[in-house]
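You will see chain A twice below: alongside chain B first, and alongside chain C after that.
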Partner chain A sequence: MEIEAPGGSESFTEDDIQNLSLQQIDLPEQDAETASIMESDETVLDRLACLPYQAFVLSEYGRPIFVNSGNEEQLCSLFAVIGIFVSRVKLWGDELMTITSKDRQIQFLHRTPLILCIVSKYGEKLDEQLEVLFEQIVSTLSRAQLESVYRKKGDNYDLRRLLRGTDRLIESSVSSWRGTLSSIHSAISVLPMNPGDREFLSATMSGCLGAAKLDGALFGVMVAHRQIASYVRFKNYVMHPRDMNIVINLVSDKSLQVAEAQTWTPICLPHFNDTGFFYAYIAYPWEAKGIPACLVLLSVKRDHFDGLNEVKKRILFKKIGSEREIFFGNFSTAVVKPNLFAISQIGSNSESLWSFVYRNHLSKQVCISASKIPLISREERWDSRSDLRKADALVSKEGHLRTLFVRNTKNSLLIWVTDKFSLQCVFGPFVSAIVAFTVVDKLLKSLKSHEQRYFIIHTPSF
Partner chain B sequence: MLSVANPLYFFTSSVEAPTPLSRLRIADVMDFFFVVHPDSGRKEGDEHKRIMYFNPKVEALDKQTEITGFAEALQFLREIEEEFDFRTVSTQKSDHVYIQVEKQKFILGISLSKQMAFHSNYPLYLPAVKKTSSVIPTRLFRLFFSAIFGSFRENDEEKFKERLELFFSRFLPLLKVQRLPILDQLGGVEFFYHFPGKLLYYSISKQDLPVLFRYLTQNLLPTAIAPELEPTRAANKGRFFYRNPDDVELDDEEELLERYQMIVYRCLNATVCMFVRFPDVETSSKEQIVSRRMLRNIDAYLETDLSNLASRIGDEIGGENDLRPEATDFHYVYFNPASLSMTSSFSSTSSEGLDGTTASVGVAKAPPPPVDVNRLVCETLSGFVSESEEFGECFAKSETDWWVVIKKVNSRLLVLLLPPSSYQQSLADVQSRTQVIVKSHFKAIFFN
Partner chain C sequence: MAARNTGARPGGPNKTCQFKLVLLGESAVGKSSLVLRFVKGQFHEYQESTIGAAFLTQTVCLDDATVKFEIWDTAGQERYHSLAPMYYRGAQAAIVVYDITNQESFQKAKNWVKELQRQASPNIVMALAGNKADMANKRVVEYEEAQAYAEENALLFMETSAKTSMNVNDIFMAIAKKLPIGPPQGETTGTVDMNQPQQQQKGSCCK
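Coming up: the complex of A and B.
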C-alpha cells in the first residue's frame, strides 16, 4: 500500500550550495562573577540531585564551565572525575560513551576542546541531547573560536569569561529537554495556522526581503511558542532543524522580549557553518498587544541592521487595508490561542486514540496532537509523554523497526515507521490492532488533507 | 592432579561439548575479565596489588592496573549517583560490566568487544551480559567456593589467587552466552519436556536453581560422557560423582547461606543431586555426616528405581513416540517465573553437553533470527513489557519482515519470533497466527 506522507517533501538538510564563508567576530571577555550567595557543597549537590537532568560542561583539562545547578566552583572535584574518566578511556584509544547503574544513566561527549556530560533518570537519546548542548555553546563562540581560544590563552583558560551572559541560553536548552520530546530538537514544529494566512505571511516576508536587495540576508523566520509560523530563505539556502532550534532557543529568552525593541546579535549556526557568524535581527512587533510572536531576520553582514529594520517595517505595514486586518486578526488568534491537532477531527472511532506524534522524515517536521481526555492531569500527560519518549528512543536505536504494537493495562502504544514518516500513538488499553490501524489510516488522511495547516509545505525563496 | 572430590576437577574436563549455533563462548567476544580487591592496592605504588585475577594474562601489568583502577574509580561517581552494586560502561569499542561482591569488598569486571560481538553475530545486550558473566560466577562462588574468600580472610593471598586462577581459567572458557540474550537474562531452567539435560524436579531455593543447574549441565555432567561411552561398563550401574561429598552453601528461605554437602548420583542418563545439611555443631566432621554407609544405602535405594526411570525416558526419546514435538516453523521462548521453567526452540540436545555426538539439533526448522531481531526482543521486552504487571502483549516488526511477539499472561511469558512469510503481512495476520500457535503448541501451559 502506497501511503501518502503528510508534511511535504521539501528536504530540510540539503547543503550542496552552502559553502558561504562567514565572518569571525571578537568576543568580549567578562570577569567571572562570584556566586552572590555562597552555598555549602552539600547544598549544591543536593540541589543538583533533584534536577531531572544534571548537565556538566568542562574543558578537556577539567576546568568547570557549566553545570545546570550553578556554582561550578563548588563542584570542582566532580568535574575533575568526569574529565579523568573521559581522558583515561581516550588514552586507551577508545571513547567513553555511557555509564549506567540501576536507575541512572551518565552520558559523555568529547568534542575537542570540551567535555560534556549528562546524568539522567531518563536514559533516552542522551547522546543527541549532548550534541544539542554542544551546538548551543558553539552558537555563541563558533567552533573555530572555541578551538583557538585555548591555543591562544592557555589550557587553563576559564571559558566562562566568554560565555558569561549566555549561560541562561544553555540553561534553557537543557531545561527544554524535560518539557519536549527529544526528537523535537532535530525537527521543526510548525504553528498551526490557516493556510491562506501562512501564505500571506510568507509571501510578505519573502517579498520584503527580496525587495530590499540586501546581499547576505539569507533567512526570515516568524516564531511563536517555540514553533515556526513562517520561514523564508534566499535562493536554495536551507537552515538545518537543529540550527532552527538554536534560533528558537535564543528568541525564547525573556530578556529579549521587549516591546518596540530590536536586538542585533551574532549567532553561529553550526550545521550551516561552524566557523563564523550570522547576525540575527530580532523583534517582537506585537509584544505590546499581547501577541508573543517574534520576527527573526538573519544576515551574514554585520552592517545590515538598518536594512533589516526597514524590512521589518515593510513586513508589518505592507498592504494596509482589509486584507492585512483579516490576516492580523487570524494570526493573533493562532498565536494567542494555539490550536493543536484535535484528535476528534479525524471522525468516529477516534475516541480510542489519546495522543500522537507524527514526524515527516524528509521535511523534518513534526505534528504533536493536543492532549485529550483521559490525559488530563499533569501526571497522566507525563506518563503518556514518557511512553512516547521511549517509543521515540526505540525508533532511533533500532533503525530496522517498522511496527510496534504494545498493549498493557494502562494504555496501548502503536509505532509505525516507513521511509517517509514515523508515527507514534497512545491508544486506550482496550483497542484492538485492527481498530488502531483503522484510526491511524484516518489520522494520516486527515493530516494529509489539513497538511498546509500543520506543516510548511513550501518554503518561499527570494 | 586434582581430586575428583574437588569441584574444580569438573572444570578441567577435556570433553567439551560442541557449541551449538544458538550459543557462543563468552571467551570469543571477551576483552578482559578480572577480580580486584581495592583495599589491597590503596598504597601509592602498590596499586597493582589490588588485582587478584586478570584474564588475559598477557596484558601488561600497567594496563591491568589502569583498567582495574578505572573500575575502582567508578565509585567516585557516588556524588551524583549513590548506589553502586553494579555499573555498566559503554565505550565506542567495548561494553563493560562491573559488579561489587562480598559486601562490596571485591569488584568483578568484564569487557566484551563490540567488534568481536559484531563478527560473531552476538547482539550485545548489557543486562544479559551482566547476568551471565558476573552474576553467575558470583553465585557459583556462593555455592561452592566460599572457601576461596575464606583463604583471603585468613590472609593467605597467594592461596586465594591460586584458587581464583584455578576457578576462572577453567570456568571462563566453558562459559557460554545465548545469541538470544533474553534466554540468559530470564535465567530460567529447561524442564524435562523434550530432551535429556532438562530438569524433572527440584526442592532447593529458586535463587540457587539456575546457577546450580547450569553448573551441573555445563560443567559437571559433561565429564560423565567419557566413562559412559566405555563398552565394558555395566550400563545400568549407578555411580556417585563425588566420592567425598563437597561443601556447598545454599540459600534458605530468608536468603541466608546455609552449609550443605552435595552428593551427585547418576544412573544411565538420569542424575539426582542431593544436599545434606551440616549440623550446627562445629565439631562434626564430614565423615560423620555423609558416611560410606549412607552412600551405599542411597545407592541401594536409588539404583533400581532410577535406572527404571532413566530407561523409560530413554525409550520415550529413542522410540517412535519421540517426545520431541514436530519442528516448528517459528522460534519460541516460554518462561514461567513462578517455577523458573523455561523452554525454547533454541535448545538442542548438544547444548546441554550430554552427548557429544549430536551437533545442534534445534526444535525449529525456522532460519536463525538475524542479530538485530534478537536485540529487538530484548529491547521490547525490557522497555515495553512491565516486569511488575502480570499481563501485557507486544508485537514488533523488523524491516526484514521478521515479527517478534511477546505475550505475558498471569506473569507467564511467551516470546515468538516469526520468520518472514507472505501470510503475515499485517498486524492482524500476526495476531491470528499467534492465536493459532498458542492453541496448537502452548495450550497446556499458556492461557490465551
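Coming up: the complex of A and C.
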C-alpha cells in the first residue's frame, strides 16, 4: 500500500552550502575568581539514588562542570570516579559506552575535552541525550573555544567560570528532553495554526527580512510554547532540528520574557557550524498583551542588532489594517489557546485511540495528539509516554521493524514505521488489531488533509 | 507594573533627544535590577543572570527636554567581555556598577572605567553606581573610597539600591542632565538623533 506521508517532503537537513564563515568571540586571558563552598554530605548520594535520572558533565581531567539538580562540589568524588572509568577504558584502547545494573543504565560520552555521563532509570536513547547535552554546552562556547580554552589555560581549568549563568539553560534542555518523547529533540514540533495565518506570518517575516538586505541575516523564527509558528530562511540555508531546539531552549528562558525588552546574544549552532557564533535577536513583542510568542532573528554579524530591530518593527506593523487585525486575532488565539490535534476529529472508532505521536522523517516534524480521556492527569500521560518511549527505543534498536501491535493489560500499542514516517499509538486494551489499523488509516488521512495546520509544509526563503 | 513616564507626545513642545546608555560591571552586582527598577519600577529578589545583553528604553522629562534612553544592560560574565565594545561603542553614557558588599566587583568596576576611558567615545558621560546599598551591614567598599575614586576620574557617583529604589532614578536623571541637550537636530555628529522609528515604536508600546 502506498501511503502518502503527511507533513511535507521538504528536506530539513540538506547541508550543501553551509560553509559560511562565522566569527569567533575572543575570550579574556585573565581568570576570574571562583569561590565555592565545600559541603561534603553522605545524604547527597542517598538523594541522588532516588532521582529518576542524573546527568554529569566533567572535564577530561575529572573536574566537575555540571550536574542537574545538585551542587557539583558535593559530588567531586563521584565525578572523579566517572572520569577514571572513562580514562581507564581508554587506556585499554577501547571506549566505555554503557554500564547496566538492575534498575539503572549508565551511559558515557567522551567528546574531547569533555566527558558526559547520564544515570537513568529509563534506558532509551541515552546516547542521543548526551549528544544533545554536549551540543547545549557547545552552543554557549562553540567547539573551537571549548577546545582552545583548555589548551590555553591548562587541563585543570574550571570551565564553570565560562559557563556561569547557563546552568538553567542546560537544566531546561535536559528536562525538556525527559518531559517530551525522546524523538523530539531531533525533530521540531509545530504550533497548530490556520494555514492562511501561517502563510501571512511567514510571508511577512521573509518579506521584511528580504527587504532589509542585511548580508548575513539567515533565519527568522516565531516560537510559542516551544513550538514553531513560522520559520523563514535566507536562500537555501537550513537549520538542523537539533540547532532549532537549542534556539527554542534559549528563547524559552523566563528571563527573556520581559515586555518591550530585546535581547542580543551570541549563540553557536553546532550542526550549522561549531567553530563560530550566530547572533540572536530575541523579542517578545506582545508580552504586555499576555501573548507569549517570541520572534527570533539570527544573523552571523554581530553589528546587526539595529538592522534586525528595524526588521522587527516592520514585521509588526506591516499592512496595518483589517488583514493584519484578523491575522492578529487568530494568531493570539492560536498562541494563548493552542489547538492541538484532537483525536475525535478523525471520526468513528476514534474513541479507542488514546494518544499518538506522528513523525515525518523528511521534514523532521512531529505531531502529538491533544490529551484526552483516559490519559488526562500528569501521571497517566507520563505512563503512556513511557510506553511510547519504550516502543520508540524498540524501533530504533530493531532496524527492520515495520509494524508492531502489542496488547497489554492497561493499553495496546501500535507502531508503524516506513521510510517516510513513524507513528506510535496508544489504544485502549480491548481494541483488535484490525480496528486499530483502520483507525490509523483514518488518522493518516486526517493528518494529510489538515497537514498545513499541523506542519510547516513550505519554508519560505528570502 | 505599568511603565512610568513614557514621555512626551510626539510633536509636543519639548525637544526629544535620544541617547545610548550602557551598563557594565561584574556579574551579579545588580545591573539588570537597576534597569528593571528604572524602566518598569519592578524588583525581583532572584533576578536571573542576563543572557547576552538586553535592550530597553525609558524616557525621562527634564525642564526643557525629553530624554529617551536606549539602555544596553550587558551580561557581566567573563565569556561576554570581548563583546562589550559592541555595546559601549557610540554610547553617550555609561553606568559602571559594583556591589558594595563585594570588593572584587569594585576592582572590576575600576577596570571597566579604565577600558571606557581608553576605548569609548571621549565625551561619554560616566557614572559609578555602588549598588545593594540596602545591605550596608555587609558593606566592604567604603563610600568615601569609591567617592574619592569617582572624583579622581570625574565620574558621577551614587550608592544605589534597586531593591529599595534608592537613588535609581536619581542616577539616571543626573546623567540626563549632563548629556549635551540643546543643539538642533543634525548639528552634532549623530549623537543626538530625533528620528521617525522612535515615534513608530511608541505607537506600539503605548497602545
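Operating definition for what follows: the second predicted complex is superposed on the first by the 444 of 462 C-alpha atoms of A that agree within 3 Å, B and C clash if a C-alpha of one lies under 4 Å from a C-alpha of the other, contacts with A are read in each partner's own complex, and residues count from 1 in each chain.
Everything below uses one rule, namely that a residue touches a chain if its C-beta (ideal position, glycine included) is under 8 Å from a C-beta of that chain, and two chains touch if they have at least 3 such contacts.
Just so it is clear, the structure is predicted and the values come from calculations on it, not from any experiment.
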Mind checking the superposed model to see whether chain B and chain C fit together on chain A or clash?
fit
Once the structures are superposed on A, label A:250 by its partner contacts, choosing first (chain B), second (chain C), both or neither.
second
Scan A:151 for contacts with chain B and chain C and give back first, second, both or neither.
neither
For the superposed three-chain arrangement, angle chain B-chain A-chain C (C-alpha centres, nearest 10 degrees) equals 140
With both complexes superposed on chain A, which partner does A:99 reach: first (chain B), second (chain C), both or neither?
first
Taking the superposition on A as described, I'd like to know which of chain B and chain C A:458 touches: first, second, both or neither.
neither
Considering only the touch criterion stated at the top, classify A:305 as touching first (chain B), second (chain C), both, or neither.
second
First (chain B), second (chain C), both or neither: which does A:141 touch?
second
Of the two partner chains, chain B (first) and chain C (second), which one does A:84 touch, if any: first, second, both, or neither?
first
Lowest inter-chain C-alpha distance for chain C and chain B in the superposed arrangement, angstrom:
30
Where on chain A do the contacts with chain B and the contacts with chain C coincide?
none
Please give the residue numbers of chain A that touch chain C in the complex, ascending.
25-28, 32-33, 140-141, 161-165, 168-169, 250, 253-256, 258-266, 280, 285, 288, 302-303, 305, 309-310, 313, 316-317
For chain A, which residues are in contact with chain B within the complex?
45, 48-49, 54, 77-78, 81, 84-85, 88-89, 91-104, 106, 119, 390, 394, 397-398, 400-409, 413, 433-434, 437
Chain A-facing residues of chain B, complex:
66, 70, 73-74, 76-77, 79-81, 83-94, 126, 372, 375-376, 379-380, 383-386, 389, 391-400, 426-428, 431
Residues of chain C defined as touching chain A within the complex:
3, 27, 36, 40, 47-57, 75, 77-83, 86, 104, 197, 200-201, 204-205
